[in-house]
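For reference, the structures are reproduced in the following blocks.
Next come two complexes built around chain A: one with chain B, the other with chain C.
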Partner chain A sequence: MQRYFFKRFIRAVIVVWLVATTFFFALRMISDPVELLFSQSGMVTPQEKQAMREFLKLDSPIHIQYADFLFSAVQGDMGHSFRFRQPALPMLLGRLPATLELTFAALAIAAVIGSILGIVAALKPHTLVDHFTIFLSLLGQSVPVFWLGIVLMLIFAVQLGWLPATGRGDLSHLILPAFCLSTYPTASVARLLRSSMMDVMSQDYIRTARAKGLPETVVVIRHGLRNAAIPAITMLGLLLSRLLGGAVVVETIFDWPGIGSLAYKAISLRDFTMVQAASVVFGVAVVVTNFVVDMIYAWIDPRIRYA
Partner chain B sequence: MSRGGEPSPDMRREPSGLSNRLPRLLRSPGALFGVPVVLLVVMAALFAQYVSPHDPFQQDLSLRLQPPFWEEGGEWSRPLGTDQFGRCLFSRIILGGRASIIVGVSAVLLSALIGIPVGLVAGYSRGRVDEVIMAIADVQYSFPFLFLALVLSYLLGPSLHNTVLALGFAGWVTYARVTRGEVLSIRERDYILAARAIGCSAARTVVRHVLPQVVTPLIVVGTLQTAWMIVVEASLSYLGMGVQPPTPSWGNILAEGRLHMLNSWWYATFPGIAITITVLGLNMMGDWLRDVLDPRSRLRSQ
Partner chain C sequence: MLASCGKGSDPGAGSREAGGRKNSVTMAASGGASYVLYMDPTLQGLRFSPHTHVYDPIVRYNPGTQQWEPMLALSWERIDRNRMRFYLRREVEFHNGSPLTAHDVAFTLGRIKDPELASPVNGFYHAVSRAEVIDDHTFDVIGKAYGILPAMNVFMPVDQETFEAVGAEAYNLNPIGTGPYHFVEWELDNFITLRVNTDYWGETPKIEHVTFRFVSDRATKMLMLQSGEADIIDEVSPDMIDDLEKHPQIDVRSVPSHRTNFITINTFREPFDDVRVRQAMAHAIHWQEIIDKLYGGLGYRQAALSPKIIEHYDPDLEPYDYDPEKARQLLAEAGFPNGFTVDDPFKTPVGWMPIDNIASEVIVANLEAVGIRMGLWMAEEASYNDKWLNKDVTLGFFSCGNQMFAADFCYNAHFHPNFRGFYFNHPQLTNMLDDFSDTVDPDQQRAAMKEIQRFVHENVGYIPGFVGDFIYGVNAKLEWEPSSDERVYLHNAEWRSR
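After this line comes the complex of A and B, so read on.
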């Protein structure tokens, strides 16, 4: 396990370095950050541009910039944001808990509701309940999150006044954004679990369990779900990156103070430093979650750690 | 993943010929809803100028924020009401569909154009090349797609053209992965060995003998990806980083409508319904195409 852990850790570090390097060069070479920054302003003198170039440390040769970038990044310095007038990395990290809260709430909803829908559909295949679940999950995979967010806000916050429309606070603030973010993963879990559950329930060991006289709930949960859940867990791991992307939209709509809404703000303000820092933070977030998922697998399934 | 060998019990039970499955396939929801919806949206987008009752750009401030026809103050000639400048919402949504279809289809083609050759090379050569390519692909695959697309359109500048480029370059990984997966199993078959034995070069083998076998799963993936690209385009346009007004796109109409949602519910509602129905149609059509073209994949994926 230790060796496996170490190997994975080295890999994770390389991936972070790769992501950071890719963004470092892409953000500088695809187009000029200073021109982008001033693209929405009116007349800007060459002197002002030069001053900005120096402020953003874009005036030295690129290999020196790169060395400087890596050296500072390792020390936790990702530059100073011009728009927000503060260091970029602490600002992003300060907003990380809000994003974690939102994404984990969405994951939890997806796991619970998705499982219930999937199991119910699988136990009553080709009935009205099943067809309804299939339709619901197809719909959940198709509805655009930002539209759903607006509609839910209009109904539950404006018309009914049951839930707050925006911001972060107690649990009531979390409900609408977390539900919105969870629609796609919930639907995916329901669809996958339905088919894997149907597959598992036709296996011989389920017949054996029933023949032993076990109660149906035990058969379904202990013998069925435990085996059917494995592919669904794998998929939840894959869906995490999609959730982080979705968080950019959901956080922006609900004014949720996480890294997603900050990243979007940075992009729309053409804040070069913040975009660069956010890219690295997203990269690290993905790598860390993949690393954790890998460790969980290795812990569950011993075959993996010795492979 | 292997496709050869013993047929599974399901395959024996069900005759695999298309003609035997056709009656059931034609009655499935994918055929009854998915395909017609997609055709309708594509037709409306192609012939937008003939279908729309009004010029989607013509402003008339005396008609601003008119409700749909069934509500008090609405009229038949502008069935879904008007927007903040008094433009016919129905006509704008039809033209917005054109942006979605153009971006969705072109982005998918661009991704495929990059991803398929990469996947062919990776899968056929295996070894080091494959390892490096797939390591890069895995990293990009696990990176949040929407954020990547946002950064790319920040770099390229927001426009319809650049949205296609951003989504196309961000999306190649899916095709590379699917192609590689298929190639890995195809390259072990006897007819590939035979082609090599009679002296076909590697390039010829890949293009003439491997590629045609990969096309079917790629058509299915492409259909499902078009749905996803349409959602991402709408998200980008909604966030102001995609198609720019006054050119209508479902995303930017929705963004404008959001500002008026308290007194003009229809403004943000109808473009959202248009996206949902189109994406639903494409998703159902993708699932249906998989059943029609590649029935074994269902079994493989389970």
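After this line comes the complex of A and C, so read on.
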């Protein structure tokens, strides 16, 4: 197990390094941030641009910039935001609680509603209920979140006035963005749980449980769901990283002050250091999530750790 | 990362209650490149409304009268060609009680001009070199003959003593100005809240609390206004007007802007180096249709790069009339009786200016109708800006905002080789622009500016387009009028029926 852990850890570090390196070079290839910093003011002389380039340390050769970046990054310094002139990493980490709050709320909704839909569909296969659940799942996986977000705000904030449209505060602020973010994972969990539940419910031990005279609820939950849920739990772990990506769109629409909305603004402002730092934070989050899922999996199933 | 604010503050919910009952206003301001990045006015200012509430400029331009009016300076006079003397109001204090002095002015200007700072706003002060203190309430600004007053229109002093005591970073996060509102709280890129300054040297504002929220998405801003989470939203696009006006609690208010929309032409690329081809294009585009059908009629055709509200605008300069037949004739004279195809597509940003991309579709169709065939390339603001700034545009949609209200700003910015005159420039024009900045007499300035406007117009250094209004969505109960300088002033705003 220790060897497996070590191998996975090294792989995770390499992935984060690759993400950081790709973003570092890609950002420098696509544009010159100095020009954009002065985009409002047309009256900038070449000397002023050069002064800004030196200030941002963009005047040294790219390999030197890269070496500086790596050296600082391993010490936890992702540089100063070009735009805000503040350390980028603390700014992003300050937003982490908001993003985690939104992401875990969406995950919780996905787990609860997805499970209910999946179980109900599996217990009533090929009925109207099942078809309706499949339809909902399809909808949840295909509807674009930017559209859904606006529709939700229009109905629940503007028309009904039940919930706030934007911002972060009490629980009422969390409902719309979390629901919006949860549609895809909810649908995924429902579909996966439906198929695995149908598979489990046809097993001999379920028949045995029923033959023993156990109540149907106990059969479904204790004997059925416990076995059928394993792949769904794994999937939830993997969906967490997808949710972090989806948070960029949802946070922007709902003006939720998380890492995603800050990353979006940094991209539109061509704030290289902030985008770089955000990519590393997202990269680390995805890698850590996958790493934890892998570890749990290996712990559950010994065949994986010896493979 | 937070400027004196706690976690997870909820300016939205607060203002939703406050908007109607308490004495507060929330504005959802646009995103893009217009986020408030610094509250230190030596790094940012201009169109950014929070700054104009926390700080005051030295003078202010009145677009209605086209006159410069007193703000922190009660009066001013020209000492010689390159020196103007300003007399500060004696009663003005910073929010911490320190009196405003000429030393604060000289310190602030010195900081902006400091090459070590690499201030992004330095470009607006190219006409100004330094300030000299005469006495505690008098200072001289040394610079070019024209350009000192426009610079003082955007210049906002900081309290030198506090700035030096706490350092630039702390001052930026807890700004102290002389303006009608105290700074309260700022979550970077998210919101800023302000509280009324009851000791303000001018009339005390009636609105006690002001929140600026920075919202990226236009649809979100519209929903915030409709749901009551915001009382004012900016950058309303014309296609949103009908929806907003249906709402009984919402007004749409607009004001003539300082921003001119136009088409950049790379006059150094064939066949656009031929003035007849450029004239043909100017005659080919149906701008009035664009204004009426796409911009809700809230704009006007424009011949010069300076809108009507800028001083020394030439009212006699007529725009090129829409005449496709004349355009074809000019193309034939230039050797293109059957038109021509341009390999490089027409480039346009999407959503940078309210109707940029849809107007560009009409422009491309208009050009095709007279025989100039090309594709259309669209990108978000920053990508488009990259192309434009890297001289990688043959024809492209652009605009010039003249927030300083300087008569020569857009002409220098776009046609002077020292700045961004890389799509069109001419030695004669460069001399005219340089001479203009050395001209003192207002009549001579007007005459010189007229020549500049005519030179560029006749040579079709760009294709003049239109000036569109700034459009805002406003809670109908709020008494407030938008300003042509693109800043939102809540100094005189008040709620109608409480």
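Basically, the second predicted complex is superposed on the first by the 282 of 307 C-alpha atoms of A that agree within 3 Å, B and C clash if a C-alpha of one lies under 4 Å from a C-alpha of the other, contacts with A are read in each partner's own complex, and residues count from 1 in each chain.
In the analysis below, contacts are C-beta pairs under 8 Å (C-beta built on N, C-alpha and C of every residue); 3 or more make two chains touch, one makes a residue touch a chain.
Owing to the predicted nature of the structure, the values given are computational and were not obtained by experimental measurement.
**Student:** Does chain B (first) or chain C (second) touch A:94, or do both, or does neither?
**Tutor:** In the superposed model, A:94 contacts chain C only, not chain B.
**Student:** Contacts for A:154 in the overlay, against chain B (first) and chain C (second): which applies, first, second, both or neither?
**Tutor:** Both partners, chain B and chain C.
**Student:** Pick one for A:30: touches chain B only (first), chain C only (second), both, or neither.
**Tutor:** both
**Student:** After superposition on the shared chain, which partner residues are touched by A:19: those of chain B (first), chain C (second), both, or neither?
**Tutor:** First partner only, chain B.
**Student:** Figure out whether A:84 sits in contact with chain B (first) or chain C (second), or with both, or with neither.
**Tutor:** Only chain C; A:84 stays clear of chain B.
**Student:** Report for A:168: first if it touches chain B alone, second if chain C alone, otherwise both or neither.
**Tutor:** second
**Student:** Classify the contacts of A:270 with the two partner chains as first (chain B alone), second (chain C alone), both, or neither.
**Tutor:** Both partners, chain B and chain C.
**Student:** First (chain B), second (chain C), both or neither: which does A:242 touch?
**Tutor:** Only chain B; A:242 stays clear of chain C.
**Student:** Just checking: does A:252 make contact with chain B only, chain C only, both, or neither of them? Give me first, second, both or neither.
**Tutor:** both
**Student:** Could you give the residue numbers on chain A that contact chain B in one complex and chain C in the other?
**Tutor:** Common to the two interfaces on chain A: residues 30-31, 36, 39, 150, 154, 158, 252, 264, 267-268, 270.
**Student:** Give every residue of chain A touching chain B within the complex, in rising order.
**Tutor:** Contacts found on chain A: 15, 18-19, 23, 26-27, 30-31, 36, 39, 138-139, 141-148, 150-151, 154, 158, 195-196, 199, 238, 241-242, 244-246, 248-249, 252, 260, 263-264, 267-268, 270, 275, 278-279, 282-283, 286-287, 290.
**Student:** Could you pull out which chain B residues touch chain A in their complex?
**Tutor:** Residues of chain B touching chain A: 136, 139, 141-148, 150-151, 154-157, 227, 231, 234-235, 238-241, 251, 254, 258, 261-262, 265, 268-269, 271-272, 275-276, 279-280, 283-284, 302.
**Student:** Along chain A, where are the residues that touch chain C in the complex?
**Tutor:** For this pair, the touching residues of chain A are 30-32, 35-45, 47-48, 51-52, 54-56, 83-86, 90-91, 94, 97-98, 150, 153-154, 157-158, 161, 164-170, 173, 252-255, 257, 261-262, 264-265, 267-270.
**Student:** Going by the contact rule set out above, which residues of chain C touch chain A in the complex?
**Tutor:** Chain C reaches chain A through residues 1-2, 7-13, 16, 31-33, 35, 37-38, 43, 46, 115-118, 120-124, 126, 169, 172, 187-190, 213-217, 219-220, 223-224, 226-227, 229, 380-383, 385-386, 389-390, 400-401, 409-410, 412-414, 418-420.
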